[in-house]
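What follows is a pair of complexes built around subunit A, which joins subunit B in one and subunit C in the other.
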Partner chain A sequence: MSAAASRGAAAALFTLLVFALWQVAVDSGLVSRVFVAAPLSAFEVMIERAANGSLWTTTGATALRLFAGWVAAVAIAMMIGTAIGNFRAAYEYLAPTLEFFRPLPASAVIPVAVLFLGLTAKMSTAVIAFGALWPVLLSAMHGFANVPRELREVAATLEMSRARYILTVAIPSASVDIMAGLRISLSLALILTVVTEMQASLPGIGYEIFAAQRTFRSADLYAGLMTLGIFGFLINQALLLSERRLMRWRAA
Partner chain B sequence: MRASWRSVVVPAALLLLWELCAALRLVDLEFISRPSHIFAAGISGLADGSFFHATWQTLEACLFGLSLAIVVGVSLGIFLGLSTIAEFVSRPSLEGLRSIPSIAFAPLTLLLFGFGLPMEGLIVAYACLWPILITTIAAVRNIEPRLMEVAAALEMSPVERIRKVVLPAMLPRVLVGVRTAAGFALVVSVTVEILINPRGLGYGLIVSQQSLRIDMMYAYLVWLAAIGLLVNALVRLADREVVT
Partner chain C sequence: MIVRTVLASLAAGCALVTSASASNVKVNIGYVTAADYMPAFASKENGCFAANGIEASFTRIPVTTNMPAALVSDTLQVGAQTATLFLPAVENGIDLVAVAGGTRILQGNETLSLVTSTKFEVKRGADLIGKKVGVPGLNSVADVVFRKWLKNEGVEIAKVTIIETPFPQMKDLIKSGQIDGAIAVEPVRSMIVNEGVGRRAAVEYHTAVSKDSILAFWTAGRKWAEKNPQTVAAFRKCLTEAVGWIDANRDRAREIEKQYLGFNTPVRPDWNVEIKDEDFALYIDLNVELGVMRKRLEAKNLVWNQR
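Up next is the complex of A and B:
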């Protein structure tokens, strides 16, 4: 216990040291204030924004955008993945076409989406949904392809219907792979959220960072980056936590 | 995997339907273009060399960023892998930094370096650093303890220990991280180009859209998918060469 506590204290101390060195470097004029804001001024901006409420509204806007796109991505990926993973015909007709789209960088569809939907929130959701669906789709296909043979044989002996087999055998068996895909797709979705906010001037943390740079408010820029870091860390932890909850039956 | 006629049914039917709708003026050509025009735009892009020029600019940034990430990630990873204390103490700072998505740094690097290769390469390097760093730390931790004991018994110097024991033992695992990073590099560089940096394939894509050269935009998109396939195939090939 005391060893863990002292290690934790050392880690906290190191983090503080990094911030202190950064602060000193700015204060002493070693780096220019125009480019690098002092951490204390960035914190000040964050506290001010938290007090006047703008921190919560921008973070909320980003969170909403992120989840709308991500949930759509997961739903589409699970539908296609289940079809391709469990029906031979779907695999033969669709997999090669998907194989061509897969290596396309997710952001490359932004110009196409802007063309059809304009610089709107709809465009952002469409880009996030398209970009974030691939990790889930691939991991679902991998998971369904690797359902243990014994399980498949049991299902056949019990004369399960295809739907029952998918729901009670295939999806639980593929869930570990699917979870790994969900994690990758969430961080991809966050990247695309920030990119589309910057591209289309949609309200949120990404746009705040972009606007701060254009007006040379470096303290605001660093405050935005820190907010984004904390937000990204929290949603990842939340996903890990729910994964541990959902996967508890496996450990036993 | 067995190639079958079924694999071309869906794309061929879609392309045919698209061409037909365009020919019969059922869709607005200004928005949708048509496959034959896109094919012609692609040929002209290849013929005047603009595709190759843009591809080189994008790949240049990928290579620059990936090499920087390998150098920093592997050396920092060896250090943090060998020193448990350093790894533990720096973990919260690194985890915090890692939570910031790479693209969010685009405005900052623009402020620091202006447009061009360095800003784009640095963002690619940042994105590629994390998978390499994490796999390197894990690889060093997983080195057979007996090997390290032998190195200690032989009284090897730290430099010798890293060169003769650590590097060879960790290489296969580190390559897994490098492969993941190589996949990130293309995505990140194209994204930066679409967003702000006026060079490379991403810029070609967004400029074609903004100047309403829709056929050229789709031609860039198809070309980009082909480049993506090529990069994937190369990484897989390099992987097989090293493993066997």
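Up next is the complex of A and C:
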């Protein structure tokens, strides 16, 4: 068995152990079933939802909302990050204002977003974009600021235009930092997607969890949490896989 | 000799005070911001609770859904509830009982209504198709009965967007057009209408579904009620007396209301401490019909009775 396969098997075993302990804790009465559903009960609900199709529609709704906000966040962050990282004037004009907005928790911005955009999908996208852009922006800024001197000298020697330098030297050099920022940003985007779904009663996994809590259906609630956990794991793995493919040239 | 007598008297006095305090039961009462719970506030302020062995304290809870967990964890001993939240909690294994009634909602004296933007009028359910309506809580009594009314009116519920909207936000959200209407309780309802932000619907949806039904009531964990039967009886006795006391002492009652709720309600709710298992039959049917509950509970053993 290869090292990677061994690691995967060990991780799967650990996960099974955690679920087994959880099941025993509920079955033995150590924790109340009313507030903590057994994992098997939660899985049963997930299977039922998969069979009747609601699992796919709610996950699809959350995924669409997440990606709409995240893509907007990445686009905005890359534009501003590229400007600040490569143009002194942009840094001097924009950085102080950005430092004011950066520490604002995205969830604290929700009431303002509701006022302007109502309890709508637009509000959700705006909040997700606002919260998720900072990790990408900061990592892009850091990546551009740390382009190795040798590469900058080569670009200057070759009399590259600013645009060519950004596209062929700066962005590839900063890509490691940017990818790290993208992963953090994606996790934040998922959190904000769920929060805004609960806040605005928008269809999705967040709303399902919220509705389950309101009707005291603990198995449904934990099924929602598990769905969220699996979804988050899968999208993170997808991003890691994309990173390995896009950054293959680095290993070479 | 005199010193010994004085010391003995002091000791006896302390013992009396201690034993009196020891016999008082500490009851932390959870409530939400509504005039329905006035008799409880009055019972504390007019001394009835203290005179009957209840050391009452009050905790304002922002959302009624948190009440069952607070009761089970013993953070609260008595909590305010409505049927559409109480019944799913019981269905899913939270062993609660109703210990006293709070209010009923009667035709002609509705304390909560649909209010809408002044841009349109609601005479029937179809007038709300395509509109956004705020309800104070998902699966609240306002939400569930409203959905039942829409169904009775032949309106597909999915054609009306129902959004959870806290009472304090309703006026601003209607004014800004974010929602087209809301189910508002007093005094929020009067504020929305009196400030010209909205109007009451021409039809009272709740009493269109049921002319006379329980609205708010008091609950406790069954184990706590069984351990403290005298306290439950005293709680009910004080609430019953408080209804008459409030009517006889309107000025003082308004001060107490302002103290606990932060506002005065223009409408007098229909307080009623009597509550029976049969009162829950309507809400069991509604909850099952609208998918809030999966099992049809029997309307039995939901009200705690001293045996």
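By definition in this document, the second predicted complex is superposed on the first by the 227 of 252 C-alpha atoms of A that agree within 3 Å, B and C clash if a C-alpha of one lies under 4 Å from a C-alpha of the other, contacts with A are read in each partner's own complex, and residues count from 1 in each chain.
Convention: contacts are C-beta pairs under 8 Å (C-beta built on N, C-alpha and C of every residue); 3 or more make two chains touch, one makes a residue touch a chain.
All values derive from a computational prediction rather than experimental measurement.
More residues of subunit A are in touch with B than with the other of subunit B and subunit C. Once the two complexes are laid over each other on the shared chain, residue contacts for A:Arg33 go to subunit C alone; subunit B is not touched. Of the two partner chains, neither subunit B nor subunit C is touched by A:Val45.
In the superposed model, A:Ser201 lies in contact with subunit C only, and not with subunit B.
When both complexes are overlaid on chain A, the residue A:Gln213 reaches subunit B and subunit C alike. Once the two complexes are laid over each other on the shared chain, residue contacts for A:Ala12 go to subunit B alone; subunit C is not touched. By the touch criterion defined above, A:Ile166 reaches neither subunit B nor subunit C.
Using the contact criterion defined above for the overlaid structures, shared-chain residue A:Gly118 touches subunit C, although it does not reach subunit B. When the shared chain is aligned, subunit B comes close enough to touch A:Leu190, but subunit C does not.
Note: residues 34-35, 114-115, 210, 213-214, 216, 218 of subunit A belong to the subunit B contact set and to the subunit C contact set alike, using the contact criterion stated above. Those residues of subunit C lying in contact with subunit A across their complex are 65, 68-69, 72, 85, 88-89, 91-94, 132, 137-139, 162-165, 172-173, 176-179, 292-293. The part of subunit B that touches subunit A in the complex is made up of residues 4, 6-11, 31, 85, 88-93, 95-97, 99-108, 110-112, 186-187, 190-191, 194-195, 202, 205-206, 208-209, 214, 217-218, 221, 224-225, 228-229, 231-232.
Interface of subunit A with subunit C (complex): residues 32-35, 114-115, 118-119, 200-201, 210-211, 213-218.
The touching residues of subunit A, when paired with subunit B in their complex, are 7, 10-15, 18, 34-35, 89, 92-97, 100-112, 114-116, 187, 190-191, 194-195, 198-199, 206, 209-210, 212-214, 216, 218, 221, 224-225, 228-233, 236.
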